[in-house]
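Okay, so subunit A shows up in both of these, paired with subunit B first and subunit C after.
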Partner chain A sequence: MSAVTSNQGSTFRKFAGRIVKDPAFPGLIVLFVLLALNFYFQNKFFSYRILRSNFMAYTPLILVAMAQATIIISGSVDFSIGYALSLFTCLTAVLMTDTNVLPILLLGFLSILAGSGIMNGFFIGKLKMSPLITTFATMTLFWGIAQTIMPVAGGYVPRFFYKIYRVKVLGFLPFPVIVLLTAIVIWIIFSRTSFGRYIYAIGSNEEGAYASGINVSRVRFMAHVVASIFIAMAGLCLLMSMASGDFRVGQEYALNSVAAVVIGGIALTGGRGSITGAIIGAMILGLVNNIIFYAKVSAFYQGFAKGMVIVVALCVGGVPQWLKSLRR
Partner chain B sequence: MESFEAHHFSKSFGAVTALSDANFRFAGPKVCGLVGANGSGKTTFARLCAGLIKKDAGEFIIDGEKATINSPASARNYGIVLAHQNLSLIPDLTVWENISLGHEKRGKKFFLDNKYAKDLAGEILNDLVAGEISIDAKVANLSPAQKQMVEIAKALSQEPKMLILDEPTAALEYYHVEQLFKRVKELKTNGVSIIFISHRLWEITRICDIVIAFRNGETVGKVDFDTQPRDEKLIVPLVAGEDGCMIDFERKAQTNLADSETVIELKNVNYRTTLKNINFSVRKGEVLGIGGLHGQGQEELIMLLAGDLSFSRGRVFLDGQRLKAKHPKDAIRKGVYLVPGDRLEEGLLSLHDIFENVIVPRFCLKGEGLILNFKKLSAITDNIIQKTEIRPPNRKMIVNNLSGGNQQKVVFGRWLQFLPKVLLLNDPAKGIDIQAKDTLYRLVHELTDLGTAVILYASSNEELICNCDRVLIMFEGEIADEILYDDLTDDNLVKSSLRVEVAQ
Partner chain C sequence: MTTTAFKNRIPGPVTAIFQDRVTTAFVLLIGLFIFGSIINPAFLSFLQIMNILQASFFLGLVALGQTIVVISGKEGLDLSVGGMLTVGMFVGAAIVNGNDAYLIPAFLAVIAAGFILGLVNGFGVSYLGIAPLIMTFAWYLVVMGMMLVLTKGRIVGESSPFLSLLGQGSLKINFGASTYQIPWVVPIWIAIIILVSYILKSTSIGATLYGIGANYRAAGLLGIKTKRFRMMVYGVSGALSALSGMFLLGFVNNPNMSMEAKAGYMISSIIAVLIGGIEFNGGQGRYLGAVAGSIFLVTLTSILRTMQMDDGSRRIITAVVLLVLLIVYTRRSEKA
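Let's look at the complex of A and B:
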């Protein structure tokens, strides 16, 4: 291929071409369709109030999807994410009083880092155990611990603390958006280090990465540790929005995070896709809930309708791969 | 690098000995050729030098001092860099990301210096293949030759003191090879030593200063072009073995094919770029060998006939009728059976027992009924176990717990419940003991007596000589040569595979 002399038109075409070829592109289309549908069913959808409440509801899922994306790109998977969230809310809600908010939050963060990040990372990265089995085991473990320390949902979360979640920073930025932006900045920082490139390398071709001198087990370990930062942030948001602890709250998050990642065009086999895709995927899952509520689908069919939309979203994501296989 | 010595290296993978006594020594910046037949341990040696695998025994002496190489990073510390044959590239990353992978330059603090990496990649690639590969392209979208060039560029970007090129030219076009040679000569003048692994003897004689030959994991000889003439004929006996033409094999008797009819016929079969215009036919009771160097399209040819790949152009006729095998089941229904090369990956349900492995091909047959007749099938399985002498003779044995030879007997034996029209054997004796091999080929010949046509690809020449009526030599996806029963000797096979004029 010869070098293309760039002018205004071809730069735009190049940019557009890159977006169209991005694995997250089908997800982006689905997202726009869902936004339009949402607007159709809920006319005030684009009002500040509604957008803010949506962000408040779906930020934990977006953060969890970012965590899952980091892990899946590195060629692993984590099903314990959901109950790690449960554990976080239970642990903090049980111990929290009006005076010890920060130390308890720190404790929660450290327990997620140790349990979800370091423990899973050690088993999967260093001991090379199957991610599926390992995280299934740790999932059960987290669930058990969370249930033990708080068999019934509740606990105490100080009012001034959970009110922060409803704060408008600078008068217009909802707090969850701040958390989200922080997570994205953290991701951008990591993506510019060797870690950001090596997770793609080990997920795409583990042997090749090893032959290139990459410490595969350390990078995979680090993928779990970095992801646990996002999980802890998700736990924080969840705790503040519920203002209580509940060991069942994480139930849906494990599978939803995997679904979000797949809808966002990230390959389950690792190495392909982007964090942007995961964010798009999580937004899609969130909007589906919203649409089904406002479309006044009968409660009997809500599960069915939601399932159908997710199936369609997944299919759209599979289209580029399918087209490729036809060309072979 | 001033001098490089490797003494008495050995390495085994499980029961397979890849290297038994490899020695390697040369001084000064030189281009050192490494030759040897398939499985002689060249690649194992290269991987040992690059720290990718750990030695069983042996020691490196670099520039007069003992050196410890036990990881890719430690090899790199000594300046040893390997351009891999089985590429080390990451398909989902771009060309420039791949070239700098593992040795990225850090910019300020801990961020990567991407501009530097792009500039470096562009510069090195321009030297190698001016303007042919865009550094922003994804490696997955490159052709095999382009990938090989990127692999070499990646090795060069690490500024090696010793560069190991493991069969770099196998995937390259002629003009790429020329460019590579030019670059290799430049490197040599800059003081870089190069180990050049290749099957193509004309390349070795052209570019190398000395040649070291491996056979069965041992160093068997050395040719120094400073004192000896640059002649391929000096190298051939080292690769083939001095006594190569004198080994007396117990050969099968030639089948009389005068009045047997053609079973399978290929007309102008092509597969992508790996197979070009394949034409041949096999008669009833004939054993046709497929030979040649490793990776010349033999496996693709076999997989294609088995319906695992769908051919892009050409026709296959079975008993005079068009065979369109788009899926393995089409081939099985027509009586074309495959014994694949990798029994655990392609041949067996390794966690299931012998019985299930034997009956599994029946599931794609028509007219088998819905309900399995366990009594009948058990009897069939027991019969097969008896015929193939599987040990222990218990149809409830989990296949994973059998030895390699017995596993192969299960893969092969399952076809004995039918009468194969065509039997495709992809290196059936790989990694199995002599007894199992004897049993296997005895059964093959029993089948040919009943009229089965056999197509046999074997990586060892001995197997081809002992068992075939004639052998087709493949080279770069084409049938390069045909050796008939009477001319079938080790010498002829080696020379023909290496594309040296067969002596009269």
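Let's look at the complex of A and C:
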């Protein structure tokens, strides 16, 4: 009898140990602290209505962070993410009418797949161009195309279509949660295939992966393509929540997604971290916005406070190592 | 058969020119000028070239900071340059406030402010081990937020007569019958280029910079205080961007803060460094390349403007030029 309980204790300890050692653990703690703070400032935070509106606001960033995480784990990075979102909203909002919603959405998906996924993947994976600079260039390209298509924000999105974003599926599940769950399922499917293991392999040790017979170019190419699926989903959510297109809308997403990924414990050098971390990181960024708003911080201080929170969250990981080096 | 013969050919003068990246950048620049003069014959006039040089100076100074950060290696990159530029502009304007007497303290304060804010970047990158990309961007958000808190979104102060003369005025030279106008910033820039090239090439500071960029570990083993040096590099980059902001204040008279303009400096300085053939792996490259890159970008924008293109089309063309350059550069370094 006692043997059984001690056995249970050790599995629990193993489980707890795994969580504590997970690179996303500091992020998780920050997330809980922020949730508590948020509850303090906004008493109704855990009410269904507020949670639903929060999900509606954060889902695009969470999806984009998942995309960025996939790319960064494979040892690459994507700055064009933000303007790929802009391009999606502009392209679809300019072409949409009451009758052609589905074909236009398909067109938007395919253009993100081709532009963000296949083009970036080809340049970075096959041609081995520097990810940072290449995606800076493609970012400028998407920006230019989006601005040419729609120089002034606007366009038309049918009412019945954007209302879907506000629908409660089965009476209680907000629509954005369904989109998120779909993305997570897609990720789980991919992570169960060899692709899921290979992106970690090429991210952490490219030469080693190459030597053991992994097609590094193709896996990195695929990482960008898989990520572009998440980007297109984020674009869809953004389009439905804004009900219009705007080439400026993506501006903040690129670096916010990188920040979310880093806060979530994913190493920018690749090969380390998890998608869960990215989701936690994105939620942290969203909650920070929320807290700053509900703590009635003056509008002038909002940018400063938000930046400071990111800086502190980034620095926390490095401080112990620095203190150790001081003592030596 | 013919292709192998081509590959094994002894490099002729044309290939030799393209072997040096700085030369390549200047050849590209000359090509762009020729293209510009085909579009508009007045493009190659002395006045027009001087105007372009004047407009390139501000970017060129920011690109100098970006250059040394990139050379210092370990994925070095400074995304906060736009923020430091704004700080330089506002601090300078607040201190000078139309009075030439405060010009020297203002210059010192601007450089100090840029340096100290840059050091924070450097501390995070070098001592706390945060990736430069994300550290400098997060700090950029904080710096911009700080500016908004301090100014409350209002325009504070203005340029002084002498500073405006430096920023927009020209040196008039009578040569024969005609008068040539050379903007003051051009000789200033030339002096900076000579000074920087000397420092990078012939002093121990330059050697340390290239050494750290090429092999951080080995530089540390040689007894260089690598962490401190790397922090200083980000400080200097901040100081240079702030200094550029001060000159820019002289150019535009009143400090202003549009987000897109700041993001523009960040992206443009990186592109200028790329066109200048400075390797993003660090340890290699010359400032002269970034100078050519800065002038190239400003010229390209100017040509596309004369062709009456809107912002969107201009961005598309810049992106295509950039991608073509990137593909060519990558192919070549793979062959080497």
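Throughout what follows, the second predicted complex is superposed on the first by the 310 of 328 C-alpha atoms of A that agree within 3 Å, B and C clash if a C-alpha of one lies under 4 Å from a C-alpha of the other, contacts with A are read in each partner's own complex, and residues count from 1 in each chain.
The definition used in the following text is that a contact is a pair of C-beta atoms (placed from the backbone, for glycine too) under 8 Å apart; a residue touches a chain by one contact, two chains touch by 3 or more.
Everything numeric here is computed off the predicted structure, so don't read it as measured data.
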Inset, instruction - Mind checking the superposed model to see whether subunit B and subunit C fit together on subunit A or clash? - result: clash
Inset, instruction - Look at A:A211 in the shared chain and tell me whether it touches subunit B only, subunit C only, both, or neither; answer first, second, both or neither. - result: first
Legend entry - Partner chain(s) touched by A:I164 [first = subunit B, second = subunit C, both, neither]: neither
Inset, instruction - State whether A:I19 touches subunit B only (first), subunit C only (second), both chains, or neither. - result: neither
Inset, instruction - Answer with first, second, both or neither: which of subunit B and subunit C does A:Q147 touch in the superposed model? - result: second
Inset, instruction - Kindly classify A:L127 by the partners it touches after superposition: subunit B alone (first), subunit C alone (second), both, or neither? - result: second
Legend entry - First, second, both or neither for A:S194, with subunit B first and subunit C second: first
Legend entry - Which partner, subunit B or subunit C, touches more subunit A residues: C
Inset, instruction - Pick one for A:L181: touches subunit B only (first), subunit C only (second), both, or neither. - result: neither
Legend entry - Region of subunit C that runs into subunit B when the structures are aligned on their shared chain, from 96-104, 132-140, 204-212 or 294-302: 204-212
Inset, instruction - Report the residues of subunit A in contact with subunit B in the complex, numbered from low to high. - result: 1-3, 192-194, 197, 200-201, 203-205, 207-214, 271-272
Inset, instruction - Using the touch definition up top, name the residues of subunit B that touch subunit A in the complex. - result: 50, 52, 71-73, 76, 82, 84, 87-93, 97, 101-104, 106, 110-112, 131-134, 137, 154
Legend entry - subunit A residues within the subunit C interface of the complex: 77, 123, 127-130, 132-134, 136-141, 143-149, 151, 247, 251, 255, 258-259, 262, 268-269, 300-308, 310-311, 314-315, 317-319, 321-322, 325
Legend entry - Residues of subunit C defined as touching subunit A within the complex: 75, 77, 79, 124, 127-131, 133-135, 137-146, 148-149, 152-153, 263, 267, 270-271, 274, 280, 310-320, 322-323, 326-327, 330-331, 334
